[in-house]
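Here is the structure we will look at.
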C-alpha cells in the first residue's frame, strides 16, 4: 500500500473520534483549507459510521482500516472492512425534501468527495475509495 | 494482532502530531487520567522521534507502526520499525545532571512506562513494547 | 459529549457540549426522550458548545421534533456555531426547525 | 507551531505557539540562532501559547543558552504553562534557566 497514514480501529463507535482526529490532522498536513478539512471530517465519519451500522450490522468487534494518501492534486481516502460485498447500488440515497430520521450520511459523503467507488479487485470485504480534488489552504 | 487501535505513518517528523493525537484520544477512551494521558503523549512521541532519528537515521520514507491496546489494568503500546535490530543495551541513557543538548527522551520514556522491552521474536525490524499500569481517571 | 439541562418554568434548555456522533448521540436521545415523555412543552437545544455533529445527531433532533408533535410541544434550536450550521443548511433542516441566535431569543420567540 | 518576535530596545521576546516537536523545533532553532548571531543581549522565550514541547524543543533552549554564554547574553523563559513545566522540572532545567511568571517579570528580572 502506498498510503501515507493508515489507521486501524475496532468497529466500535467510540473510535470514530480517533478516526476524525486523524482525518483532520492528515488533511491539514496536506495543506487543505479549513472548510475542506471540516467537510472531509464529516464525510469520513459518516462513511465509517455506515460501515459499523450497515456493513457490520452493529457488530463492534470487527475491524475498519482507513488509509489516507495525498497525490499531486487529490486527497484519497480508502475505507476497508471485511463484511460481505457491497456495491454502489446498495448505497440508497433518499430525497432530502421529506423530513425523516436517517439518510443524510450518503448525501454528505457524495457532496464532499468528487469520486466514490468500491475496489472490485479486493478479495473479501470491501474497499471504498473516496477521492477529492484539492483546493490548497493558501489558494482559498 | 489484538491491538484495538493501530496507526501506520511514514517516518517523517510531520506525522508525529498524528501519533500524539491518536495516543491522547486512545488513552482517554481507555479512561486514563489527564496527567497520565499527557505523560503517555510525551513518551510515545519521544520513542517515535528516536525511531526516526536513530533507527532510521533520519530517513523519512520508511514506516512506523504504533499499536495501542488496553488490558484489565495495563495500557500497552507497541512501536514497530523495519530498521536493523536494536536491543535495550543500545539505548544509552545519560546523566541529567550535566546540562547538554539531547539525551532526555529515554528518561521520559522510562519514567512514563513501567516496562520497556524489545520483542525478540520479531523477524526483521524492531518491536518495542511499552507497558504502563493504569490509574483510571475516576480514581485519580 | 456532556449534556446540561436547565429547567425554566416548563421551558427546558438542553446544552450538549463536545462532539455529537454515533457514539454519543444515543445519550442525547435518551435525555430528550425523557423530557418528551414528561410532555415538556418547550425544549430549547443550545448548540453553542458543540464542536461537531454528525447525521445521527441531526436525526436525533428530527425524531424529537416528530415525537413532540402529538402534544404540540415546541422544539427550538439556538446558538448554532457556524461550522455546524452547514449541516443544517445542507440537510434543509434550517427550514424545518425553529432556529434562534440566542437562548433568550428562543425563549421569547 | 508559529513564532512571534517582538523587539523592545535590545530585549527580544520570542513567543512560539502550538506544538514544539521534532518537526517544528528546527524552525524555532533557526529563529533563535538568527537572534544569537546578532548578539541579542536578552532573549525572553514566552511559552504561554505552547501546548506541547518535546525533548528536541528543550534541547533547542539548552543550545541557545550555551551559544549566548560567550557574549554574556541572557536567555529567560517566561509564562510556562503547568503541563509544560513538568518537562522542565523533570529535566532539572528549571534550575538552569532563569524562569519567570510573566514577560514583565522577565524584563525587570
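Chains here go by letter, A, B, C and D, matching the order in which they are written, and residues are numbered from 1 within each.
We adopt the following convention: a contact is a pair of C-beta atoms (placed from the backbone, for glycine too) under 8 Å apart; a residue touches a chain by one contact, two chains touch by 3 or more.
Keep in mind that what you see is a predicted model, and the values were worked out from it rather than measured.
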Partner chains shared by chain B and chain C (touch criterion as defined above)
A
Between chain A and chain C, the fewest steps along chains that touch one another:
1
Which whole number of Å gives the spacing of the CA centres of chain A and chain D?
41
What's the distance between the Cα centroids of chain B and chain D, rounded to whole Å?
26
Taking each chain's mean CA coordinate, chain C and chain D are separated, in whole Å, by 46
Touching at least 2 other chains, the residues of chain C are none
Could you tell me which residues belong to chain A and also touch two or more other chains?
14, 17
Can you name every pair of chains that touch?
A-B, A-C, B-D
In their shared complex, at which residues does chain C touch chain A?
19, 21-23, 52, 54-56, 58-59, 62-63, 65-66, 83, 86-87, 90-93, 96
Quick one: in the complex, what on chain A touches chain B?
3-10, 14-15, 17-18, 21-22, 25-26, 29
Flag every residue of chain A that touches chain C in the complex, lowest number first.
12-14, 16-17, 20, 38, 41-42, 45-46, 49, 52-53, 96-97, 99-102, 104-105, 107-108, 111
